[in-house]
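You will see two complexes here that share chain A, one where it goes with chain B and one where it goes with chain C.
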Partner chain A sequence: MLILVTYDVSTETPAGRRRLRQVAKACLNYGQRVQKSVFECKVDQAGLEALQRYLLKIICEEEDSLRIYRLTEPLERNVQEFGKFRAVDFEAPLIV
Partner chain B sequence: MLILVTYDVSTETPAGRRRLRQVAKACLNYGQRVQKSVFECKVDQAGLEALQRYLLKIICEEEDSLRIYRLTEPLERNVQEFGKFRAVDFEAPLIV
Partner chain C sequence: MRQLLNTLFVTTPNAYLRLEGETLCVEVEREKRLQVPLHHIGSVVAFGDVMLTPAVLRRCAQDGRGVVLLDRNGEFSARIEGPVSGNILLRQAQHDAAGNSLTALGIARACVVGKLRNARQILLRGAREAKNTEDTQSLQQASRLLANQIRKLPEAVDLDAVRGLEGDGARIYFAAIPLLIRANQRQVFNFERRSRRPPLDRFNALISFLYTLLVNDCRSALEGVGLDPQLGFLHAVRPGRPALALDLMEEFRPIIADRLALTLINRGQLTEQNFESRVGGAVYLNEQGRKVVLTAYQQRKQEELTHPLLEQTVAIGLLPHVQARLLARTLRGEMEGYLPFLNR
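== the complex of A and B ==
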């Protein structure tokens, strides 16, 4: 399934900035960054649960906000992207 | 339909900061802010097109990024929210 992970992590403290880096790093293991705090991830149910557990260990629920959306597929018919970043199409053949 | 608007607007210049405020203001007319640069909006097709036209007039496509996702409904079964902000349920009765 395709999910969208969006987060706001407080960057006022060194601890917050470290959490921000850790959240981004965790999400990169599961998908692609499409905006500073927005990731599109392709996961199965186990992957979703693992990512969620990992992110919940990182964030501070009193200061940060984390949202995980299940996206409507096929994604290319349900997202419009404008501006300087274009996401990679998960389904397109990977040219190595 | 329910859409998710996510954006990255460059805040390095006064013009960028103004665009950021304008984008947020525009989105507030259509829905609720769930994170700094993430809005859930309830729109019909005409509303989606109007919001999109308006946002494209505001952003600078060389510097900013705008993404509009169509969300899977019912939303409450397709989003998980953690941390300090809880979105208002669009479908819940409005207590005035």
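== the complex of A and C ==
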């Protein structure tokens, strides 16, 4: 499944900025950054739960916000892409 | 349903692969080209001078993610694998399939269907492009005959019958090949019938050389997915013979090798001077000729086609890898039967 992870992490304190970096890093392990605080991750149920658990451990629920959306298939119809950034489909042929 | 993991192909010289957290980064000249979470990648295939950090190798081995090293031409060099892998099961499945006459027949038939269908495409294209109606008609006639052979394949009850249809099909196809050579080249490339060991004319020398390159690529592709390249279905097992690579190669002969041979001839990129005759009538490409062919072959592999089954564009050079994966899936029972690559 494709999920969308978005977050607002308070950057007012050094601890907040640290959380922000950690959240981004955690998301990268599961997917790709599509916008500044938006990640698309193709995961299975286990992956989703692991990521969610991991993120909840990092963020501070009093100051930050985390939203995880699940996108419905078929993705080609439900996800539209505009502008200069093109997401990589990790399930398409990967050739560098 | 089991998820099919992706294969990362790294073909850029001097690419550098390293781990970053739970992701694999591919850097070229210190610039990050791709960052993929490890959970998407089932194996890594590196062509030529690709650097992999020890951490990448260890992590892949640990997770049972195959790492395959090929040289720049795609020839198999090494495979790095961890202690536990599905490899033995795949090989066992392959051996079981070879022992099961029905499964073996199915795969052998698919290989021949692929070969003849793709050969027929070459003839039909020739018929469309032919300069005179006589050639067009002969090519159309030959492609009708080929279509007949293809139609008979589902009824072939044993391997011998399949091999018979393949042989007849190949004969029809090769008999029509001279019509695909441009008239002003027919004197130099007077191809009559397939001859090998040794090739007796320039066209045979050319396609023999191309087939050698191609069988190497197919062999690498099979080793890459962990199949035993020596145990074939259509081709009988013989010591030292890469029978499965020859099976896999059938569908690619017309579209990769033969088509390229014809292009090189018709464009005048190869001439009489690129060949040499030896005693006993053998004809071979000389060094200059080999260079021309190798360059063209590498370029051809860069071209992209749409894979009808995957509905994705794939570089021609990667087709054997894609098909080897489909073959492995068939042998593991994840696919009902092997589906060859059919051009267009």
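Methods note: the second predicted complex is superposed on the first by the 93 of 96 C-alpha atoms of A that agree within 3 Å, B and C clash if a C-alpha of one lies under 4 Å from a C-alpha of the other, contacts with A are read in each partner's own complex, and residues count from 1 in each chain.
Just so we're on the same page, a residue touches a chain if its C-beta (ideal position, glycine included) is under 8 Å from a C-beta of that chain, and two chains touch if they have at least 3 such contacts.
Model, not experiment: these values are computed from the prediction.
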Chain B versus chain C, judged by how many residues of chain A each one touches: B
In the overlay, answer first, second, both or neither for which of chain B and chain C A:G47 touches. second
Is A:K36 touching the first partner chain B, the second partner chain C, both, or neither of them? first
With the two structures laid over each other on chain A, which partner does A:E76 touch: chain B (first), chain C (second), both, or neither? neither
Could you please specify the touching residues of chain B with respect to chain A in the complex? 4, 6-8, 34-38, 52, 55-56, 59-72, 78-85
Given the complex with chain A, which residues does chain C contribute to the contact? 3, 6-12, 15, 20-23, 26, 28, 33-37, 39-41, 312, 314-315, 318, 322
Which of the residues in chain A come into contact with chain C in the complex? 25, 28-32, 41-44, 47, 88, 90-96
